[in-house]
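Two complexes, one shared chain (chain A), two partners (chain B, chain C).
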Partner chain A sequence: MEQLIEYSILPLMLFGITAIQALGLQLILGGAGLLSLGHAAFYAIGGYSAAAFSVYAGPALGITQPFLLMSLSLIAGGFSALIAGLLVAVPCLRLQGDYLAMATLGFAEISGTALKNIESVGGTRGFTGIAKLSSLAWVFVTLGLVWWALSRFRRTGLGMAIQATRDDEIASRSLGINTYSAKLSAFVVGSAIAGIAGALYVHALQFISPDEADFSRSVIIVLAVVIGGMTSLFGSVLGALILVAVPEALRFAPDAIREQRMIYFALIVIFVMLFSPKGLQSLLMRLLPRRKAKTATARGGSK
Partner chain B sequence: MIDFIQYLFDGLAVGSVYALIALGYSMVFGVLQLVNFAHGELFMVGAYFVMYAISLGLPWPLALALGMCSVGFFAVIMERLCYKPLRGAGKLAPLITAVGLSLLLQNLVQAILGPNPQSYPASLPEGSFSNALKAIFPAPEKIQLPQLPDGLFDWGEIVVRHRDLLIFIVAVAVTLGLELFLRKSRPGRGIRALALQPNAAKLVGVPFDFTISITFFIGAALAVLAGLLQGMADNQVTPYMGISSGLKAFAAAVLGGIGVIPGALVGGLVLGIAERLLVGYDLSTYKDGAAFFILIIVLLLRPQGLLGKARMVKV
Partner chain C sequence: MIPLSDRKTTNVLLKAEKLTIRFGGLVAVQNFSLSVPAKQIVGLIGPNGAGKTTVFNLMTGVYKPNEGSVHLEDIELTARGAHIIARSGVARTFQNIRLFAGLTVLENVVAAQSWQRRGKSIASLLSWPSVVAEEKEFLKQAKSVLAFVGLSDYEEWEATSLPYGLQRKLEIARALMTRPRVLLLDEPAAGMNPTEKDELAGLVRKICSNYGLGVLLIEHDMKFVMDLCSQITVLDHGEVIAVGTPSEVQKNPKVIEAYLGADSLSDTNSLDTPTGDKLV
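After this line comes the complex of A and B, so read on.
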């Protein structure tokens, strides 16, 4: 039993971190309707900056108290990802749909390449020697705070402007909504949240490598958001749970299945999309008809 | 300066392979507005298929034709099973399915044929399936390996390999042939009509599903050709070659102007040459980012791509 608890701590933390990333992307993808294929880049940038802060800047400033150092690292991670998000969004948000997706994908590949070439953070070998400051409590408290903040944010004027822009950009503009700044704020806030997740990750695993900015990592977060159901915060967390739990659970399956678990995972992804293109959350809603009516009026229907 | 010209020639081969893959992305995007992320895996599967077929003793033209047809039909079936049910379900659902398919193919190949790179003559892993194959095709005494020409054009300080030039000529010929097919033939005109105005095309009787199948078939067949060329040039295929070349080929398609056939060729060549230049000037660690750096710059200055035409969006 004790072993089981010990074993499950890491997957649980990874679930929390993936859920935070997914919540950030949910704001961009489900909230503003912008497809970002480079979300992992902001996560990696946040992670690297937070690690650089706690390894180099913190001790130089004389901060050694773990709680303070971790809090400041989270801020450093979120802030650097926010700046990176701004750098991408200001020029690229002029692009439409698939071109924007391509530009974000490109940005992720570029940041991965750049990180590989910065020797002071480990280059291709990755950044090591980071203190273990993060814990299960840090991850889940942050997850709770992000979730709560985002659910409040949806009901603010800006949050509604973002959703209106997603539903119909031209109609929103004719109502006097500044659609560019609505999209910009969604993108930047979503990126900052990814950076915070990165900060939690590096201080949990005490390691980060440029691979974290890979296209495949970005894809995993997009999968989490879409599989869960991209119009709700709950859907993103559900998606993150599935993406972390299914491969972990398949480890305990019989040998024949375990060795090929990526194949089964890919099949599950394809079947979920074919049978429930709006995500698992909508499948759950169909099974629980009463909740469906409530949320449908609250959200005013979704695309 | 001499170095620079030399690198331009050296980049032709890799750029041409990108271009052949990019054509498939570009055509599918043109008719369905779908980024078929599994397309890079078709290139990988094709490369394996052709390599094994040749290693089992088939002459290379037959192996290539067989590979193009089988992978082409596979792509058609894939579209019918996985993308067609999702038409009208928004843009994201088919995109995610494509990503799932890409993961599936990559891991299936890895599970069946092993994660290690294969080179000519490729040997099948032990197993009942491959034993059955070996019973049908007894191992040939001497395998006729496909040989790309080995020679060189030596123009004083600039040296061009026949091999690179041949790959480039194949890519140009295929692009021209495809453009001709799209302009002159009946199914080709159907593809262009669907790309231009899907509803109007359906009204005047363009068979929608059939035309889309043709598009997928041609795209996959060209990816197999690219796989053969790449496999012969590097003498190596891996389960991961689809994901890296696929992404760059997609970047090439967008760079040249997605949906524009010659654009794919131009985009592929630009990326291939840019990568070769970086390697030549000792910046090879920046190689993988370069393709996307160029892409972003071009997208910002000319969002429709190098050869694309800007379209008005009607409200």
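After this line comes the complex of A and C, so read on.
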């Protein structure tokens, strides 16, 4: 039993971290309608920066208290991803159409390659020797805070401007909304959230490799947001749960089945697109009232 | 000194002067001038493809004119960003309705004042009392604008699920939320039945008098335009062919030719068809 609990801590943390990443992408993809195919790069940049902070900068500054060090690492991770997001978005968002998707894809490849060649953070071997500062509590408190802040953010002036820009850019501009800064804010804030997730990750696994910036990692996060439902924060968390739970559940399955997990994700995406284009959360929302209605009629019938 | 006193008496709000735009070799609008005074409804008519919507797009910053200028009183608007022009006080609606499909009716209107809020995002995240008060105030304004156009019962509806006529009204409400001084309406009565059109005409008049706005409208329904507008500009092939009061414009041979063709000059001397149906 104890072993089971111990074993389940890591997948749970991974779920929380993926959920934070997905929430960040939800703001970009579902909130602003921008396709970022390099979300994992911001996650990796945040992770590496946070690790570099806690390994090199923190001790150099004389900060050793774990709570403080972890808090500052989170800020370092979020801030570095925010700057990276700015670097990508400032030139690319002036362009129309799918250039942003291409640019983010290119940026992710460049980041991965760059990280492989920086020896002080481990190069291709990855960054090791990071203190275990993160914990379940850190992950889920952060997840809760991010979730709460984003749900509140939707109702702010900027949040409304972002959603309006997603739905119709020309109309938004005609109503005085600065669509460029709306898109920029969404992209940069979403990237910063990915960076925070990265900071949590490195201090949980005490390791990060350049593979974390890989294209396939970015695709997983896009899948989480799409499967869960692009327009909903709950949907992104649900999507993250599925993307972490499916491989975990398959861990005990024979190799032949287990190694096809990308096929299962593809099947889930096809299923979602066919039966519930607004994601699994909308399927849930539709099923719940129906069940209520059923029980109501059942009660009526028994009378 | 004469121009100043002149301005005071006519009280011109929006003024376009000698606007020209070319798309490659095509001159879409040439030498277009027009003024919209406060509290008046000005019409812009012309056959399909005359360049009416292009004029709107030039005035609202969607396109940059090759030549000419646009002023709102003393503010130069020529070739400025669309959102800057909107913030200066020129609001518009669209020929093909452009509502925010993912938002409710109320949210559509709220989105239009998003940039007017003074509370910064961090403050609103933390729900500071001043920000909460501001949000409440804006919500109240949004609801009163919706009540003004008669959409109070639909606040929670998905914007695009509204009936067509109400979608047009919502677009007007949304434009009003930016606190404009001049409102540009692009075919507001298109696709409406006669009752809805009458209602809309009343609403436009009310906007004009209650809010003291200048209104410029593009419309194909001649009865609607002639009843509502004090001044009409007629556009054909990108050029102004007539300016005047409705009765002056109706009698103008150039206008009749543009609408009905050269042959019709002999058998018609008025644009007003017996049924008041649209001519184009």
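Here is the rule we go by: the second predicted complex is superposed on the first by the 272 of 303 C-alpha atoms of A that agree within 3 Å, B and C clash if a C-alpha of one lies under 4 Å from a C-alpha of the other, contacts with A are read in each partner's own complex, and residues count from 1 in each chain.
Quick note on the criterion: contacts are C-beta pairs under 8 Å (C-beta built on N, C-alpha and C of every residue); 3 or more make two chains touch, one makes a residue touch a chain.
No experiment lies behind these values; they were computed from the predicted model shown.
With chain A as the common reference for superposition, the partners chain B and chain C occupy compatible, non-clashing space. By the touch criterion stated above, A:Gly129 is placed in contact with neither chain B nor chain C. Once the two complexes are laid over each other on the shared chain, residue contacts for A:Leu267 go to chain B alone; chain C is not touched. When the two structures are aligned on the shared chain, A:Thr231 is found in touch with chain C, with no touch to chain B. When the two complexes are overlaid on their common chain A, residue A:Leu95 makes contact with chain B while staying clear of chain C.
In the superposition on chain A, A:Gly62 makes contact with neither chain B nor chain C. Of the two partner chains placed by the overlay, chain B and chain C both lie in contact with A:Ile170. Once the two complexes are laid over each other on the shared chain, residue contacts for A:Glu109 go to chain B alone; chain C is not touched. In the superposition on chain A, contact of A:Thr179 is made with chain C only, not with chain B.
With chain A as the corner point and C-alpha centres for all three chains, the angle toward chain B and chain C works out to 90 degrees, nearest 10.
Once the two complexes are overlaid on the shared chain, A:Phe153 sits against chain C while remaining clear of chain B.
In the superposed three-chain model, the partner touching more residues of chain A is B, compared with the other of chain B and chain C. Taking all C-alpha atoms of chain B against all those of chain C in the superposed arrangement, the shortest distance found is 9 Å. Touched by chain B in one complex and by chain C in the other are residues 170 of chain A.
The touching residues of chain A, when paired with chain B in their complex, are 29, 35, 91-92, 94-99, 101-103, 105-107, 109-110, 112-114, 116-117, 170, 215-216, 219, 222-223, 226-227, 230, 259-260, 262-263, 265-267, 269-270, 273-274, 277-278, 303.
The residues of chain A lying in touch with chain C in their complex are 149, 152-153, 155-161, 163-164, 166-168, 170-179, 231. Partner chain A is touched in their complex by these residues of chain B: 29, 33, 35, 82, 85-86, 89-97, 99-101, 103-104, 107-108, 111, 243, 247, 250-251, 254, 258, 285-293, 295-296, 299-300, 303, 315. Contact residues of chain C toward chain A in the complex are 60-62, 81-83, 86-87, 91-92, 94, 98-103, 107-108, 110-117, 119, 121, 124-125, 127, 135, 174-175, 177-178.
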